[in-house]
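Look for chain A in each of the two complexes below; its partner is chain B in the first and chain C in the second.
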Partner chain A sequence: MARKTVIPIGPFHPLQEEPEHFTLTVEGERVVDVDMELGYNHRGIEKLAEAKSWQQITFLVARICGICSTSHPIAYCNAVEDLCKVEIPERAKYIRTIVGELERIHSHLLWLGLAGHFLGYNTVWMWAWKWREPVLDIFEALTGNRNHYDMLLPGGVRRDIDEKNIPWIKKEMDEIKKKLDMITKAVLDDPVILSRLKGVGVLPPEEAKNYGAVGPTVRASGVKIDVRKDDPYAAYDKVDWDVITCENGDLLDKVVVRILETFESIKIMEKCLDALKEVKGEIITPIREFPPGEGIGHHEAPRGETFHYVKSDGGAGPIRHKVRAPTYVNLPTCKVTAPGCQIADAVIILAAIDPCYCCTERVGIVRDKKKEWLTQQDLVKLSWEKTERLRSKYAR
Partner chain B sequence: MGWKEKILRRSLWVYHLGTGACNNCDIEILDVLTPRHDAERFGIKLVGSVRHADVLLVTGVITRKCLPRVLRVYEQMPEPRVVVAIGACPMEGCVFKGSYNQAGPLDKIVPVSLYIPGCPPKPEAIIAGVAKLMETLK
Partner chain C sequence: MNNTLFSFLVFPGFLFIAVIGLLFMGIDRKLSARFQWRMGPPLWQPFVDFMKLLSKEVVLPKNVNKPMFFLSPLMGLSGVIVASLLLFRAPLNPQGAFIGDLVVFIYLLLLIPLSVILGASSSGNPLSSVGGSREIKMVLSYELPFILAIFTAVLKVGSLRMGDFLLYQSQRGALFLTSPSCVFAFVAAFLVIHAKLALAPFDIPEAETEIMGGTLIEYSGPLLALFYLVRAILYFTLTAFLVFIFWGGITFTGWGAVLSLLKILLVLFLVIVVKNINPRIRIDQAVRFFWTRVFVLSIIGMGLAIIGW
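Up next, the complex of A and B:
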């Protein structure tokens, strides 16, 4: 048997934006196993949320992740509105959809660029990021900031969209469509790129379901799930659009799904912009009462379903706030996709799920300088204990 | 002025260290290198190893797990060392201030030469900051 070698990647690696540690076990040139270690980015957001007010948390969850900085607030606001049983104004629904879709466009372009970079095809990186700039300009005009838009509050949105901006936004979108067309043809017809992507890092649909993967990762394998369609919120049920799926689940399909989704997002956005001309009125329903109880909310972020849970005791803030970001379930799929590939492909395979580690971070427990491994039973026990504690504390 | 400073001024090589950022500052740093802003025309280049770098760009609240690694990276850096704190996070913690896992602010850990505030700072601000830094190196 060939000797096994272990290659550490990270935590500070030039190809990774965020600190993250991967261990590749290789046999010759072939990867046989991957392992990852999280926790470098953990900022204790769920705990911080317990000390903040309902409104403040919107700005905290926006800063969970720099790319999904509208997805988390949308999911969080859905959860709070579910708790308070509030219906947001029509116009706010459309504005939320527009910002959410703009974010998807910018995120997919960003990923496309990074994927090019990981393949060693820096031209794609420079192109995609150049064409992402107009999207950021639109964000700046609509929300006042290039990133971290902070557009939402529980009950609605904070800023209205000015009619004056709409023709300009549409023009920019047309430009992006043209550029995307061009990049699609240039990239997908390139034999070198094709040979690096086709049939590499395949994720079969059964495995995708086993791991509970979400978003473009699982849609590339042909599983048709999308929160926007399955459990509509905001204005997703008011406009007409399709869920994009592919069949093979390899890297090429993951690229194709994301590119087609970008076109779909532009379509949704344009329809919502048209609708804004008719739908007038308030943009926020102020929420004054936060009753005791629980609320859940989700949103289809560019990487998949983001889920937020809040529990209230009727006070100024939640007593428990739980976030589950898409990368948390997508990341383990590289246990399936990476083994068997070449070392050179490993980076793009790990990047194919569009990982976002800052969303995913968890803490590890270190006691007496030894790392503790908790099994499922231990976690369930811990969670029971905590529920008991909370119950006795807040019992009415 | 020593010959080292003379050479340093001409072309700054930067190394980027994310220590618990929300990712946005890191993206804006990459953005500075892409066609619209193109910092490479000033000779600024992102390098893959801190041993080649003149400037250390730090983003993010310094989390407890990152702290020993930040010190190690700093020690591996050749002299003269210039540290730049990007964004509100390394300065005082941004919205994450008071978190149980925050070991920052950065200037309590290593000496900082330049702060670029903002959440995230715009690429223009980053370029302006680095231009100022080049002035002071003269």
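Up next, the complex of A and C:
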């Protein structure tokens, strides 16, 4: 038997330019186990949120991630509107949908480029990112920013979309469609690429469900989950579109799902832009009262379901704000997909879930320079101990 | 000026091949950038990089085997310089070299992967040992097709002296334009020099996004500069070698010099095109590719040469 070697990916691996640490246990070139470690860059967003007002948090959560910088605000605003039982204006719904879908287009193009880079195919990388540029230009024209669009507020959106922007946005979308067509044909007819992607890193549907994976990761395995369809919000129930799924769950399907989703996003966008011509009126319903209670909201971010929970005591801000980003549940699926493959494949398998670590970061406990691993039992025990402490303190 | 120090150190010796090599690397970087719709660095960027690396300090890893770590870049450099000298001195005096210098050339080229493997394994880094083992597999897979392809040409020419290739081709025209067997051999040899240059799709031992530059991961400063120079010289020597053996040889005088430079640049261009339209393949796929397709290609070339085509 070959000797086992441990190959670290991260925390400073140039592959994914974010602080994360994968430990690949390999025999020769074959990966036998994979372990992952987060918590290098915890920023305490949830704690920060508790000290801010309801409106301010919209801009705070936009800064959780530079790529999903409208997914978190949409989910957060959904949560606040759920708390306040507010219906937002029709026009705001369409504008939210447009921004959300534009973000999906740019995010999927970004991932496509990165996937090319991870495969050592730098030409695809550069081209995909070049084609992503018009999307960012559209963002700049619509929202004032290339990234961190800050379009949303609880109750609606901050900026209206000008009628005169619609024709050129549509023209740009047609251009992107043509380019995507070209890259789809070029990439998916290439035997070398197929040999790298087909049948590699398969995530079976039942395992996908077991791990609670979301987004394109699980849709590539043929599980039809999409918050936009399952629990519609914004204008997703007002336009006609399909949830894209593939069957095999290998890397190739993850590419295909994302490319097809981009086409679908362009379709949704175009319909929403058309609808904007008819739907006029206010773009924001001012919210004055934030009653005590709880609210949940979610949004299908490019990577999967982003989930926000807020709890209010009737004050100026939430007393608890909880964020769950899609990567957090997608990441552990590597435990299924990576073992058995080669190091060369492991890299692209880890990247295939389109990980976003800044969304995912959690606290890691380091005491006396030793990392403490807390299992579920430990956490349960800690919580019992705390309850006991509280009881003994207040019991009499 | 045939056997003076000048011919060893300046032309066509070390300085000449180093300068042209770095220039070729610059062409590769610039053209690749244009393929990828980038501006790219200026042509002289490799010179700047090289000079900068020379002025940096060497960082030694903890578990390093020092003598091996220091000697292996020197070994690679000396290997590639002597090999290049054999190649580029042949046009000056075709009958001057000893018989069998072609075989020596092929052997000397092997010193380069050997030095990379030694350097990688002496650095004590797990990623570079993975890179080293990949390099070993690559050498094992591409070396036989390469030798078969070269010996197809040897069969046609009937000599193991590089100078005789020049004479033969100047009398009867370029090998791969006149004989079908050498077309196969040329294609096989082209793929192998692509792998020897460690460019995509065969940049497996280095694989920036998988094992972070693998074999060279622990090298820094002047030692890295030496490996950089070896790679740069290889760009020139290998493309020139291909032209030398299969495409009419190279000369340094008159219009022939311009023509041979154009041929070499065309081969370089082809290398860059292949590099930019392919993703990296896995090591097992690379081994299979060389042992089945390229091997069969070179065997066909050999067979055709034996029956006299």
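For this structure, a couple of remarks:
Please note the rule applied: the second predicted complex is superposed on the first by the 372 of 396 C-alpha atoms of A that agree within 3 Å, B and C clash if a C-alpha of one lies under 4 Å from a C-alpha of the other, contacts with A are read in each partner's own complex, and residues count from 1 in each chain.
Just so it is clear, a residue touches a chain if its C-beta (ideal position, glycine included) is under 8 Å from a C-beta of that chain, and two chains touch if they have at least 3 such contacts.
Everything numeric here is computed off the predicted structure, so don't read it as measured data.
In the superposition on chain A, contact of A:L48 is made with chain B only, not with chain C. Of the two partner chains, chain B and chain C are each touched by A:K130. In the superposition on chain A, A:L152 makes contact with neither chain B nor chain C.
In the superposition on chain A, A:V6 makes contact with chain C only, while chain B stays out of contact range.
In the superposition on chain A, no contact is made by A:C84 with either chain B or chain C. 14, 125-126, 130 are the residues of chain A that lie in the contact sets of both chain B and chain C, per the superposition on chain A.
Within the complex formed with chain A, the residues of chain B that make contact are 17-28, 30-31, 34-36, 46-50, 60-61, 63, 65-66, 69, 73, 94-96, 98-102, 119-120, 122. Of all residues in chain A, only 5-8, 13-15, 26, 28-29, 116-127, 130, 190, 192-193, 195-196, 342-345, 347 touch chain C in the complex they form. Those residues of chain A lying in contact with chain B across their complex are 11-12, 14, 17-19, 39-45, 47-48, 51, 59-60, 63-67, 69, 110, 113, 125-126, 129-130, 133, 146-148, 356, 358, 363. Those residues of chain C whose C-beta lies close enough to touch chain A in the complex are 32, 35-38, 126-127, 129-130, 133-134, 200-201, 203-204, 207-212, 276-285.
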